[in-house]
Amino acid sequence: MANTIRASVIQSCTARFNLSETLDKFESLTRLAKERDGTQLVVFPEGFIGGYPKWSTFSCFVGERISEGRDEFVKYYNAAIEIPSPAIDRIAEVSKATGVFVVMGVIERDVGTLYCTAIFVDPVEGLVAKHRKLLPTACERFIWGQGDGSTLPVVAKKFQSSVEPTHTVHTKISATICWENFMPLLRTYYYSLGTQIYCVPTVDSRETWESSMRHIAFEGRCFVLSACQFATEKDYPPDHAVADANNRNPDNIMINGGSLIVSPLGKVLAGPTRQPEDILTADLDLDDVVRGKFDLDTVGHYSRPDVFQLKANIDPTLI
Amino acid sequence: MANTIRASVIQSCTARFNLSETLDKFESLTRLAKERDGTQLVVFPEGFIGGYPKWSTFSCFVGERISEGRDEFVKYYNAAIEIPSPAIDRIAEVSKATGVFVVMGVIERDVGTLYCTAIFVDPVEGLVAKHRKLLPTACERFIWGQGDGSTLPVVAKKFQSSVEPTHTVHTKISATICWENFMPLLRTYYYSLGTQIYCVPTVDSRETWESSMRHIAFEGRCFVLSACQFATEKDYPPDHAVADANNRNPDNIMINGGSLIVSPLGKVLAGPTRQPEDILTADLDLDDVVRGKFDLDTVGHYSRPDVFQLKANIDPTLI
Amino acid sequence: MANTIRASVIQSCTARFNLSETLDKFESLTRLAKERDGTQLVVFPEGFIGGYPKWSTFSCFVGERISEGRDEFVKYYNAAIEIPSPAIDRIAEVSKATGVFVVMGVIERDVGTLYCTAIFVDPVEGLVAKHRKLLPTACERFIWGQGDGSTLPVVAKKFQSSVEPTHTVHTKISATICWENFMPLLRTYYYSLGTQIYCVPTVDSRETWESSMRHIAFEGRCFVLSACQFATEKDYPPDHAVADANNRNPDNIMINGGSLIVSPLGKVLAGPTRQPEDILTADLDLDDVVRGKFDLDTVGHYSRPDVFQLKANIDPTLI
Amino acid sequence: MANTIRASVIQSCTARFNLSETLDKFESLTRLAKERDGTQLVVFPEGFIGGYPKWSTFSCFVGERISEGRDEFVKYYNAAIEIPSPAIDRIAEVSKATGVFVVMGVIERDVGTLYCTAIFVDPVEGLVAKHRKLLPTACERFIWGQGDGSTLPVVAKKFQSSVEPTHTVHTKISATICWENFMPLLRTYYYSLGTQIYCVPTVDSRETWESSMRHIAFEGRCFVLSACQFATEKDYPPDHAVADANNRNPDNIMINGGSLIVSPLGKVLAGPTRQPEDILTADLDLDDVVRGKFDLDTVGHYSRPDVFQLKANIDPTLI
Amino acid sequence: MANTIRASVIQSCTARFNLSETLDKFESLTRLAKERDGTQLVVFPEGFIGGYPKWSTFSCFVGERISEGRDEFVKYYNAAIEIPSPAIDRIAEVSKATGVFVVMGVIERDVGTLYCTAIFVDPVEGLVAKHRKLLPTACERFIWGQGDGSTLPVVAKKFQSSVEPTHTVHTKISATICWENFMPLLRTYYYSLGTQIYCVPTVDSRETWESSMRHIAFEGRCFVLSACQFATEKDYPPDHAVADANNRNPDNIMINGGSLIVSPLGKVLAGPTRQPEDILTADLDLDDVVRGKFDLDTVGHYSRPDVFQLKANIDPTLI
Amino acid sequence: MANTIRASVIQSCTARFNLSETLDKFESLTRLAKERDGTQLVVFPEGFIGGYPKWSTFSCFVGERISEGRDEFVKYYNAAIEIPSPAIDRIAEVSKATGVFVVMGVIERDVGTLYCTAIFVDPVEGLVAKHRKLLPTACERFIWGQGDGSTLPVVAKKFQSSVEPTHTVHTKISATICWENFMPLLRTYYYSLGTQIYCVPTVDSRETWESSMRHIAFEGRCFVLSACQFATEKDYPPDHAVADANNRNPDNIMINGGSLIVSPLGKVLAGPTRQPEDILTADLDLDDVVRGKFDLDTVGHYSRPDVFQLKANIDPTLI
C-alpha cells in the first residue's frame, strides 16, 4: 500500500461566466479538499474556466448565422483565457500554497479561435502542460477549434506516499476531455505512454457515462477520475439559453454531474455523485495498475502489433 | 479564339430531398443547356443531390442532441447517395447521351458519415473524379465529415473548340465548394495544379459572394463558374425548418442564388442571376488564362518560395 | 422502423465436452428461438463447440509441464473440430432448415494448434466466414494459438424486415471474442468496416462486463449481442477442475452468464440474464446506427486521421 | 462598442517627386484627419514618398537599356529616402505632435537598390517597423528589388477607445502593398499573426480592386484600409511619361484612386472614393473581428493543417 | 493409446550394387518385420537401391576428371532405377503382399542425371509419392542432381490401430534424407504440413547423429525414424574404394549404422543400433504428437509470423 | 590457433529475487572467471536478474485469475529492471573493471509489460544491444510479453587473441533464450547474420537439452555457450511455489543446471555440469567455424533459396 496517493474530483460549475468568481470558487474548493480530505491532486470539470454554454445554439442554422449569435460569441470569447495569463498565475499560486496538483478544464483563447483545453498545474513548477480537445462534438464545432497532436501530454509526477511519508510514489497523469473518451486511438496513445491517473474533465452527465468510465479504467488499467459540472439555471447569465425557455426556473438542472472515481480493475471507488457541489476523494494504490496489467496490457503483451499498428503524429502543425 | 469552349452554370435546387425528381430535373436542365445553348460543360450547385437543409438545426444545442434531430438525420442520411451507385449511373448516362461534362454537388454517404462532395462526370469515361469538401461550416459540422487530401483533383479534359470544330482545346477543371473558397492554401494548391475552369458549387447567396468570385478569378487567373441553389420554402419538405416559422409562405426565399461566371481578369461574363431557375452560358477563351498569367502567376513568377512554401499532404488517410 | 430485424443471444453451455450432445443442444435452442420468438440471427457463446475448460491449469507451472497436463490437452484437442468438417455441415443444415443466421464460438483444430474461433453460418450459403481470436488471455495462451489479420471479417447480410416483410434490411455483422473486446485497435478496425451487429461470444461473466458492452455499443454506434456461457459443475466431465476441489457440487456455478443485448446509444435492450439456459431476443432497428453516427462516428467525422492513423495488416501469415 | 478606434485612409499623391513638398502634404493631411475627423491612424498610399513613376519605361527594351533610362533612374534614386533618415524623423515628429499612428508607402534606398516599402510610425515610439514589398510587378522589376521574409511585421499597438476613453483597445496592424494582395500565402501568414487592421498602400485603381479588398476583409476577418494615389499629369515632373504623349493635359488622370475601408464581414464602410484628395474615416469595432472569426478563422478552426501546411522563412537573407 | 501404430527402421545395406539381390534382401527383411514384429511401416536407408559409393572419388580432382571416373559412373548409373520401373513394381508387390507401408532410399535415374530419392509405397495404392534430396553433400555433388520444390510430399495415410483393431489412425508421413536434416527451412516446411512420422533414410553414422535426431523430434513434435546403412567392405564390389587401400579387410566397416527411433518429446524409443543387420520396432502413439504440440508448435502457436515468414516455392522447375 | 578467445558460461541462480545480492553474485563470479580462468566473455543464465519463478502459477486458471496472483505479479514486476537503469550501470562498471564482455539474461520492465531479455555489455562501450525473447513458453505467457523483430542483434566484437596477444580476433555474438532455440526460422536468421558465438541463457535443465545444443552447433557451425540456472528451494523466497508443497526442503532442486559449451562440429568442449555454482571455460578457435562451413553452410552453399526463402521483419513495432 506504500504506493498510494490521495486524489479528488470536484463537482461544481463555472460562476455565471465570471472569471474572478470562478477563480474564487476554485480556490475555496481546492483548499477544502486539501484541508478536510488531505488530497494531493484535484480534477476540475471541462470548461470550468470560461464556462460551458449548454443549450445555446449561438443562433446558428445550417447555412446561416445571425448577428445575435456573433455577439454571443464575442461575450464567450472574452470570457476565455490565454495561456499563460494572470488567471493561470492565480491557479498556480493556489496550487503552490496548498501543495495540490491541479488538472482543470479551461476555455483557451488563441488569436481568433477558442479551444477546450485541460491544464496541468504543479505546486512547484506551476503550469507544466496543456491538452487541447481534439474533436469538439456537434454544436461545439462552431465555438471551439481542434487541437493537434502536439498537446497530448502524459505528465510524470512524483508524490509523497499518503501512507508512508518517506516513500516517493511515481505517477503518470493524462487528461481526456468529454467525448474524446470515445476516441479509441487517442485512448490507446495515452495508454502507450503509461498513463496511470487518467483524468476526465467532462460535462457529459448521461446515465451511460459511468459504464464508459468503468470500461476505460478496466481496458487501460488506470485510475479514472471523471469530474463533471453540476449546474442549474441560476449558475448561468440570466439571458442564457435553457432547455425550455417557457419554464425558466433558477433550480432547473442544466448539467447533472455524475463525477466518479474508478480503479484499474473497473471498480467504482467513489460516486457517481449527483450533488450540486461535491468533492469525491479516494486513495489510489498505484500497485493496482500493475495488478491489472498482469493479465491485460493493451499496449504491451495484450496487443498485436503485427496486425494493428497505431501511428501518432505529434508534431505541432504550422499554419 | 480557337481555344474556346462554351460552359454553363445551372441555378436551381434539389426537389424536396427527392432523389428521383432531382435526377429528372438534372436531366432536363442539362438537355436544355445543350440543346438551346450548345453548352459543353455544366456546373450544378452544392448539395444538388441530397439537398442543403437550410435553417435546420437538427435539434442540436451545445451539450445536447435530442431524438428529433437524430430522426431528421436518418432522413437526410437516406437521401444521400453512395459513390458509385445507381444515381451516379443515371448522371453518367445523361452525360453520355448529351455529350456534356458535368460538375455537380452531391451529398455522399460513406459508412456512417456524410460528405459534401463534388463529382466530375465525363461523357465518355463516366465518373472520373470526386472532391470532398475539406471543412464544413458551423452547423454543417454536425451533418458532414471532413474530406482529406486524397480527393483534390484537377481533371484534364479535352473539348472540341466551340469556334473551330477541328481544333482540340485542352483544359483543366477543378471544384471548390462554398466556403472552401475562403481557404487560401487550398486555392493555391489548385492554382499550382493549373486549374483553368474553377467550378464553384455553392449555397452562399450573400451579396459579398460576387466580390470573392471576382477576386479568385483575378488572383488565380482562371475562369470561375459559380453555381448557387435558388430555393423557396415550397422546394423543401413541408415540415422543414424555415427562417421564420411564424410566417411560412411557399414563395419565401430560402437560398437566393447569385450564380455567375467570371473571366481570368476578374470581369463578370454572366450573372449574377437571381432567377429561380436559370442557365448562364459563356464562351471561355482559354487563352485568357495565358493573358492573365503574363503579369500574375501566383504559383510561378509571382511567388516567393524562398519565403513561403506550401506543403500538401494528399495521401488518403487510413482509419 | 422498416429497417428492423429480430435477433437473439443464447445463454447455454457445452455438454460435457461431448460434440454430438452439444450439436443437439445447438439445434433445439436454435429451433426454439426461431419458432417461439421468430428470431433471424442467433449468437452462441465462446467455445460452445469444444468447450471452455474453466479452472483447469493443464498442469502448467512456470518452467514445467507434467504429463497429466499433456493428456488433458489430448482430450481437449480431440474435442475440437476442423473447419470444414461434419460438425460444420450439421450446423449449416440447421441454419438452412430454420432460416436462422448463426454466429457461434467453436474450438478449431488446425494441424497441431487449437484456435478459439467464431464461425458465421448463413442459411443459404452455409459457412461464410470465420474469425480466430487474436489474443488468448493468461492460461488460454497455452491451449490456443493466436489468429492473424486474415480472419477479421465483417459479413454483409441481407435480412427480410421483421416489420415490413417486403422490405430488405442490409446489415453488417462481426464477431469479437471475450477479451478481444479490450483491444481498442481491433474494435476500431471493425468499426471502420461498418459493423452494425457486433456479436460477442464470451465466457466473461464478471459484473463489469455489462459496462464494457454498453461502452462499446455507444462508442461504435452498433448493436452489441453478447452471449456468455452459463455452466455448472455438472456440465463438465466429472474429473474436470473446479474452483474448490474440496467442495464439489453439481450445481456450483462455473461460468455465471450475463448475456445481454445493447443498442447503439448504449441502452440495454435485454438482459443481462443469469438464467442457466436462456434466449434473449430484441428487435434491432438498424436506423438507430445512423441516429448514433449523427454525433459520433469514431471512424468518420469523429476521427482525427491527421493525428492518429491505424494500420491493419490483414494478409494471411505464411509459416 | 468599447473596442472601437477611428482610422483613416488618405487618397493623395506625391508632389512631383519633390520630397519636401510631399512631406508638407503629409503633415497637412495628417493634421486635418486628426483635427477634423478625430482619427487615430492614417494609411498613405504606395510610394507616397519617392513617387510612383507611372507610364515610365526607364527606356528598357528586352535585351537593351539606353542611357536616357539610366539618367531617369538616377533622378528616381535620388528622390528615395533611407531608413532612418531626416525624412523619417520629420514623419515621426508629426506623428508625435498629432498622436496619430502612420502607415505609409515610401521608396527606400539601401546602397544600390531601391525597395517599395511601407513604414509604421508610432506617436510615442517613432519608427517601429517596416515592410518591403516581396514582388514588384512587371516593369517595377527593373526599378525595385525584392524584400525578404525578415520584414513581414504585424505590429501590436494599444489605442485609447474612441468611444470609452478609459478603455484600452489592443490591435494588430500589418501592411500589404499593391499586388502583394494577390499572394495568398503572404496573406495567410499575416492572418496567422493575428492582423486586425490590414493596411494596403497601393496604386492599383482598377475597378476590380474593390472586389479584392472586400474578399480579403471577409477571408481574413480583418479591417482592410486601402489607400491609393490619385494623380494627374500635373502631379508629375513635366517630362514624365504619360499615357498618350500626343495628348498631354495637366488634368489627365494618371492614377485613379479608389481608396476604401472594409469591415471583417466584407461590408464597405467608406469609399471607394475617386476624389483627387480625400480622407476616408471609419470607426473600427475590433469585436467585429471576433464576430467574424466565429464562423471563419482561416488560420484556426477553419484550416486543415493535416492537408495543407504553410512554412515561412523569416530569416533575413545574407548577401 | 488407441491412436497407436507399429513401425520399424531397417538397418542393412545394398548388396554389392546388385539390384536383384538387394530387392530380395528388401523382401525378406520386410516380411520378417511384419511376421515377427507385426510392423505396419518400414523405413529403409538412403540409397538402399542403387547403393551409396562410400570412399569413392569417381577420380575427380579440382579441374579434372579422368576416364576411370567416367567408367565408374557408368556402372553406378546402370545400378540406379527409373520411377516407375519393374523394380518399383516389385517393391509394390511386396508391400501389397505384406500390408506394410514402405519408405525407402533409392538412386533414381532420370535421363542423364541421378537423384538420391526416397519413395513412398502403399500396400493398396502402390507408389504414392517420391522426394528427391534437395542438396547433395560435398562429393555427392558430382554424382547426384538437386531435387526441386515439387517433390516435398507429406503423405496422409490411415492405419488400423495396432491396439484397437476397429480404430483408424490418421497419420502424416514425410522423408528427409541425410544432411537435408540440417536444413532448418526444409524441416519447418515439413512441420507446417503436419508431418507426424518423420522418416530419415541416411548414411550418416557419426556419433553426433543421435543428437540431431533427438533435437528434430523435439523441435518438430514428431516421431523420427532414422534408418542408416550398415556396410562392410564385403558388401561392396571388390574393386570399390575403401578407407585404407593398404588394409583391405572384408569386415572393415564402411558405414557404421546407428539407426534409431525417437518420440515427439525427444525420448529414444529404440536404438541406436550398431548391428550389421537389424530391425528396430516401436509403437508410435500418435497422441504424443498432440501432447508435444501442447507447449511447442513451431508452425502454430510457437511461431512469430509477424517477424519471420517462410516462403516455399513448390512448383516444378522447367528445364 | 591464433584466432582463439577464451569464454565461460556461468551456472548460478538469482539470489531470492533480491537485486542487490544478485548483482553482488554477478560481480564475484565475473571477477573469479577473469582472475582464475582468464576469461574474456561470460554468459549468464536466463532471468538471472529478476529471477525465474519456477513452479509458480501466479494463481492463474483458464478463465480466472485471483488476487493472490496479481499481488505475486506486483512483486515480480518490482524485481525487474528497466534498460537503462542503475542496475545496468553496475553491470557495465564490472565489465569495464574486469575487461570481460557480458551476455546475461534479465527481466526487463517496460511500462506495463515485462520482457525476458538478454543484454550485451561491452567493457569499453557499456550496454551495446539487447534481445527480447520472441515467444514465452506456456505459463511464461502470462508474465512476459513478446519481443519484436527490432531486438535480434548479432554483435560484432573484437577480442585480443588468447594465444597470440598481438593478434585481434573478430567475432560475432548472438543470444537465443531457452525455447527460442526451437524456432528454426529465428536460428536461421542468426546464422544468416554470421553468428559465431551463439549464447544461450536458459533455464531448461532437461536431459534432452544437450542434444539440441549439439545439433544447433553442428547445424549452425557455431560455438554454442549454454548457461542454465541451478537453483534449490533455498534460493527462492520462502513462500515461493515448489514442486511439492508437502515436501519443502531447502536443498530440493528447482532448476537442475546442465550448462555446456559445444564446438561448431558438435563436440562438447565443457560440461554439461550439474554443480550448483560452476564456471565452465573453453578456448574457442574461431577457425573451427570455417572448418565447419566447408561442407555445411545452412545460409550459403547448403541452402536452396529457389525453394525456400526466409523473410524477416526487423522494424520496431509501433504501439
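Per-chain residue numbering starts at 1, and chain names A, B, C, D, E and F are given in the order in which the chains are listed.
As a working rule, a residue touches a chain if its C-beta (ideal position, glycine included) is under 8 Å from a C-beta of that chain, and two chains touch if they have at least 3 such contacts.
In this text the structure is predicted, and so the values were computed from the model without any measurement.
**Q** Please state, in steps, how far chain F lies from chain B along the shortest route of touching chains.
**A** The fewest steps needed to get from chain B to chain F is 2.
**Q** Give me the step distance from chain C to chain F, shortest route via touching chains only.
**A** 1
**Q** Taking shared residue numbers divided by all residue numbers at the interface, is the value for chain A and chain D over half (same) or under half (different)?
**A** Copies use mostly different positions to touch.
**Q** Rotation angle for the CA superposition of chain B on chain D, to the nearest 5°?
**A** The two chains, chain B and chain D, differ by a rotation of 180 degrees.
**Q** Look at all chain centres (mean of CA atoms) and spot the one farthest from the centre of chain E.
**A** Centre of mass proxy via C-alpha means gives D as farthest from chain E.
**Q** Can you give the whole-Å distance between the Cα centres of chain A and chain E?
**A** The computed centroid separation for chain A versus chain E comes out at 71 Å.
**Q** Can you compute the centre-to-centre distance for chain A and chain F, using the mean CA position of each chain? Integer Å is fine.
**A** Roughly 47 Å separates the two chain centres.
**Q** Between chain A and chain C, what's the gap in Å when you average each chain's C-alpha atoms?
**A** Chain centroid spacing, chain A to chain C, equals 36 Å.
**Q** Where in chain F do residues touch two or more other chains at once?
**A** Expected reply: 58, 60, 65, 138, 141-143, 146, 148, 185, 317.
**Q** What are all the chain pairs that meet the touch criterion?
**A** A-B, A-C, A-D, A-E, A-F, B-C, B-D, C-D, C-E, C-F, E-F
**Q** Where on chain C is chain F touching in the complex?
**A** Those residues of chain C that touch chain F are 52-58, 60-65, 138-143, 203, 241, 243, 255, 319.
**Q** For a test of understanding, state which residues of chain E touch chain C in their complex under the given definition.
**A** The contact residues of chain E facing chain C are 188-189, 191-192, 194, 221, 287, 289-295, 297, 299-301, 303, 305-306, 309-312.
**Q** Give every residue of chain F touching chain E within the complex, in rising order.
**A** Going through chain F, the ones touching chain E are 134-135, 137-138, 146, 148-149, 152, 179, 182-189, 206, 208, 210-212, 214-216, 218-219, 265-267, 295-296, 298, 302-304, 306-314, 317.
**Q** Where on chain D does chain C make contact in their complex?
**A** For chain D paired with chain C, touching residues are 305-307.
**Q** In their complex, what parts of chain C are in touch with chain E?
**A** 58, 60, 65, 67, 69-71, 73-74, 77-78, 110-113, 141-146, 148, 313, 317-319
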